[in-house]
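So, here's a batch of structures to check.
Common to both upcoming complexes is subunit A, partnered first by subunit B, then by subunit C.
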Partner chain A sequence: MATSDETDERVGETYRRRARMRVRRTTRQIRRAARPAWDRVRFARQDLTAAVPTLPRVAYLFIAPFFVLFGLFLAFPVAYTLYLSFFEYQGVGEGSLFWIDLGPVYIEIPQIAQLSFVGAGNYLRLLGNDLFWQSMFNTSYILAIQVPLMIGLALALALALNASFMRFKGVFRTAIALPVSANLVAYSTVFLLLFNEQLGFLNYVLSGVGLGPVPWLTSEFWARNTIIAAVTWRWTGYNMIILLAGLQTIPQQLYEAAEIDGANRWEKFRYVTLPQLKPVLLFVVVLSTIGTFKLFAEPYVITGGGPTNATITIVQYIYRQAFVNFNLGYASALTVVFVAVVSVFSILQIKLGGED
Partner chain B sequence: MREQQRKDAVWRFLTYAFVITMVVVMMVPLYWMLVAATLPQEQFLQFPPRLIPGTAFLDNFAALQERLDFLRTIRNSVLIAVVYTLLSLVLCSMAGFAFAKYEFKYKEPIFYAILATLVLPIQLLVIPLFLLMAQLEWTNTFRAIILPWAANPIGIFLMRQNMKSIPDALLESARMDGATEFQIFYRIALPTMRSSLAALAIILFLFQWDLFLYPLVILESADMYTIPIGLAQLTGFQRIYYDQIMVAATLAIVPMVVLFLVLQKQFVSGILAGSLKE
Partner chain C sequence: MSGINITELDKVYDSGTENVVAVEGLSVDIDHGEFLVLVGPSGCGKSTTLRCLAGLEDVTDGSIRFGDEEVTDRRASERDVAMVFQNYALYPHMTVRGNIGFGLKLSTKLSGDEIERKVESVAEMLGISELLDEKPKALSGGQQQRVALGRAIVREPSVFLMDEPLSNLDAKLRSEMRTELQELQTDLDVTTVYVTHDQTEAMAMGDRIAVMNGGVLQQVGSPEEVYRSPVNRFVADFIGSPSINLLTADVEGDTLSGPGKFAYELDDSDPVAGHDRVSVGVRPEDIKVVESGRNAADVTVVEPMGNENFLYMEIDGHELTARVDPTVRPAEGSRVAFDFDETALYLFDVETGDALKTKTDSVDSAVVGATEN
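This part shows the complex of A and B:
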């Protein structure tokens, strides 16, 4: 038995010595291999400094202010949202989140919140939450009607204003694009009054022709349509401007050629305008979809998310959870899911639109 | 042939009818706002509603001013948006210049990392920024509103794209004449960028002007409110005074509409530039 132990030890000793030698050899090899690369970097740096003495340093000076703010207020928060989504928020932070002690240099990032780890708990919780699904449904409903309606109107307006017989193009374009300059909350308050059931202008007109009054803000169905109408009012002109610029880049010769082939108005639209405009159209659709996903100010002001949560949007739900109930961890998980949904949606649209 | 002409005439009529209807639809809410802002409360509550503007704008404004110092709110909004726009223009044009005209390590990866953040909705940042500002004890300050969005990815992207078109020879000749790099940027690169800077300024200004969720979380006291927050507070009171709210909305919207009419070309190029992000 003893001999066997000794043998084992001896074998072990040999093995360890061999392992050590192998490590040394590898280190040497790595150093040797890395030398040319390192020299290249060193010489390149000398070359550069020789040619234009200050260039790289100046470049860093030029980008530094941007990056300080970018890192602190954009990159860090994005990462922190993801981190926070696995925790439960318990109060204002104490102590440090992260520290490096390098002797003379000591870097410390304070803990910005008191947290307790819950793993995937927040994500499981949102999957089982009715209000989350309700807000997803509301947003999808508004999206499914509002985006096609608005893009359709914007495209029709752009085509009309691009028509050769159209007079006063500038005046019409300005008038239709005017809502672009209206502050989001300010125009929402105007719509709050416009759609008011007793005082509103809209119900006055509708009653006049025997159609009203419509319960714009108190019926679930109409409240959603009110939001849709408001958003469409604000953004149609914006999209029209982009589409109009797209239309103006289509070469006139294409239309002339189509005319020679005997194409009628519809065929010219279908086989010249639409394919030529497709990239711009796709862009406008993706942008509008993202915009409507992010809806917050309008439902916050016009309906307050009601009646009975019929118009609460995802961002509004996140806002309530984060800043009314102070469930910041849970709200972060909601945000992560929200961003994922928006991204997947945009990518899908680009993929589907890019085909055929 | 005559058949064709008649069809064309009908088509033209329908097109005009559609465009004019849309113009009316766009104008009605703004006109209604003006009417409501200029009628005394009791006339406004009458049925049928009056459709001709009254003369009570200043009275309504005085009543509004008593409940919320709206002039201060406007001043806050203008101050924040202007400082933000200037700061962001400086940061974005400097960084954009470096990305367009200098070579440095990891230039491409860094640039694409910035571009990637373009797709992130700003709502993503509100929660961590709120915690960060609380930690820095910056809540209820203007710097908490201005600084986070100053490093604007759209800005750096636009500036880089446009600065690329500046000929290298121009910069090189200035260098030969002994100009410092900063002088080259300030005296030569920036002046050629005037129209792009104007378009970017409008994008940045409108972005900050419309910002709602984030200031709602950060600003706490009435003397710090921006226009969106002030207006939202007015609609949240127990009794809603529509005449006063419409005065506030008019004050928020009309100056921007005027600005839009005056600077229409820049607005349009701003919209198009903002929409050109790949």
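This part shows the complex of A and C:
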């Protein structure tokens, strides 16, 4: 075996050498012919590649930046949040976590924070906290109305834009998708002004047609709906674009086959469009659910979480605990629970909706 | 009882800036139970014609009648047609059972049990009973093809429309399905319009063949008719494999003289009277390699097929193909003399391509040549 391997290797080497010579010869031939500047750059680069010696394992160096950044800004914070959720935060760290003395170089990593261990204390605390349950309820309420409303609207718009009789498709598509590019705080402020009870445009129009002013921001019921309206306005176009792309991948022949099988408009939608669009719909539903779960800027700007905490969302509650009250340990526990709830929701949706 | 009458059918696509004429003035009558094949090169309007019959395209002008009923303006679902698509167009999320039964479920008042019985009997007829609970993506191309056929058959329509249904199958399966389809069509006795770009398939399957080119119907006739008596050069060139040999020749009295000292003396010069130049056509099987003769060509390639040899020759840069006996095998590069009978000769007008003279030899050899491959 060994000898045949050696022979193979020798033959391989001879072959490679010949191939290299052949390549060089052809390269020279090509080079002799008049070539555009771009090709000369390419040849120069190839010559340089051949001249520079190959370092062993240099590839790891090239892929290192991703892993360093990923570890520093993603993996570590996630792990540290989980760690922090079992402690109570008492102040910024003093003294060093560890140090390395390499003679001329001395590296010291300072302690991040002063912590005292509380075990499952933070988790027990949140279970007994009314505001936590209130924020969970608010988030779920907004989610239960906003996500179906928005996806229904997005699907209807996508179907309309996909219809063959529709004109100026590009204009409508852009106009409807535009809100997604609006700055969160800026558009929330616009909504705040539109829905202002005394000076807002909406109440001005309503009173113009003889309807009384609606307490958009001061009634618990209307405040939630105001938030729902704002979020729906911003994200409907985005979801419509995704659904429209999904619609366009459905083969036309399926509709023709259904037409010949005697399907009417509704039956084509029910038996061709919906099943074909299912993977895309699932994607949109999961994405929207996660997005609405993370709702923060709109209630923060428009209602400030009020009235009487009727629109405080879970993320807003976490924000208050972490950055207003500096209960970092407790906020971490909230975050862990929040991530768990979102994950369970998403997995359930995928399990229920994606059996194919 | 339902034949099809198509009268002066026009289909124009209006793209806003320009009109594209896909079908122009097409008229054809198809008898009940007939198997008509629409054949032509891509873009000739054959598929558009079929889609007009199906009701998937609006007709610009003209009328379509199924039996006694005018269906020109009817929707596809109201025409009682079934269609088999080139890529089958099976519903991916439904089982085979669901796919076959879907049309019955939507357009009939049959109960679930009755539909089930019909689906199962059709599946049995096509030999796909054990696949009824599979999804289409789990099936091979041939099996999907059968499901698509089943979906058409189960409806018991008055007209079958088939749009290149065999072109996605491999060669062996295609010829098997060809026979099976023909048997099925004969058994069911349903008027069938079948579109293909493959002239072999057209010859093999059609009761009659309708040859189309550039949106215009060229000729309708039995396979023998379009092969032996093409109305023009296009039909002669399109039908037959390998294609007919065509040369342009000058007419001097009763002598035709073409490139590379090609010359042929006609016994009967009536067809070329009044023409200075004509297109000369000879089918490959009518070219005979002879010991000595007036015409000669250089052999470039010999393809031995076992039962016959294909000779590819050149005469002053013009290609010439001959189908000869397997015993005739000249060396490549050699020069051979060839000849052909005047009865096997086709002559066409150089400008219009209209036929001046077609085959008049005995039917036997020609028919064998036409349907064999």
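Here is the rule we use: the second predicted complex is superposed on the first by the 283 of 356 C-alpha atoms of A that agree within 3 Å, B and C clash if a C-alpha of one lies under 4 Å from a C-alpha of the other, contacts with A are read in each partner's own complex, and residues count from 1 in each chain.
We adopt the following convention: a contact is a pair of C-beta atoms (placed from the backbone, for glycine too) under 8 Å apart; a residue touches a chain by one contact, two chains touch by 3 or more.
Here the structure is a predicted model, which means the values were calculated and not measured.
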Put the two structures on top of each other at subunit A: do subunit B and subunit C fit, or clash? fit
Could you look at A:T335 and tell me whether it touches subunit B, subunit C, both or neither (first, second, both, neither)? first
On the A-aligned overlay, A:A144 touches which partner chain: subunit B = first, subunit C = second, or both, or neither? neither
For A:I242, decide between first (touching subunit B), second (touching subunit C), both and neither. first
Subunit B versus subunit C as contact partner of A:P179, first or second or both or neither: first
Kindly classify A:Y319 by the partners it touches after superposition: subunit B alone (first), subunit C alone (second), both, or neither? first
Would you mind checking which one, subunit B or subunit C, touches more residues on subunit A? B
Mind working out whether A:G262 is in touch with subunit B, subunit C, both or neither, as first, second, both or neither? second
For A:A156, decide between first (touching subunit B), second (touching subunit C), both and neither. first
So if I take every C-alpha atom in subunit B and every one in subunit C after superposing, what is the smallest distance between them in Å? 8
For the complex, which residues does subunit C have touching subunit A? 54-56, 75-77, 81-83, 85, 87, 89-93, 102-103, 106-107, 151, 155
Interface residues, subunit A side, partner subunit B - complex: 48, 52, 54-56, 58-60, 62-63, 65-67, 69-70, 72-78, 80-81, 84, 92-93, 110, 112-113, 153, 156-157, 160-161, 163, 165-166, 172, 174-187, 189-194, 196, 198-199, 201, 204, 233, 236-238, 241-242, 245, 265, 283-284, 287, 290, 293-294, 296-297, 300-301, 315, 318-319, 322-323, 328, 331-332, 335, 338-339, 342-343, 346
Looking at the complex, which residues from subunit A come into contact with subunit C? 251, 253-254, 256-264, 267, 271-272, 275-276, 278, 356
Can you name the residues of subunit B that touch subunit A in the complex? 11-12, 15-16, 18-19, 22-23, 25-30, 32-33, 36, 44-45, 47-49, 90-92, 94-95, 97-99, 102-105, 114, 117, 119-121, 123-132, 134-135, 147-151, 153, 156, 175, 181-182, 185, 206, 209-210, 212-213, 216-217, 227-229, 231-232, 234-235, 242, 245-246, 248-249, 252-253, 256-257, 259-261, 264, 267-268, 271-272, 275
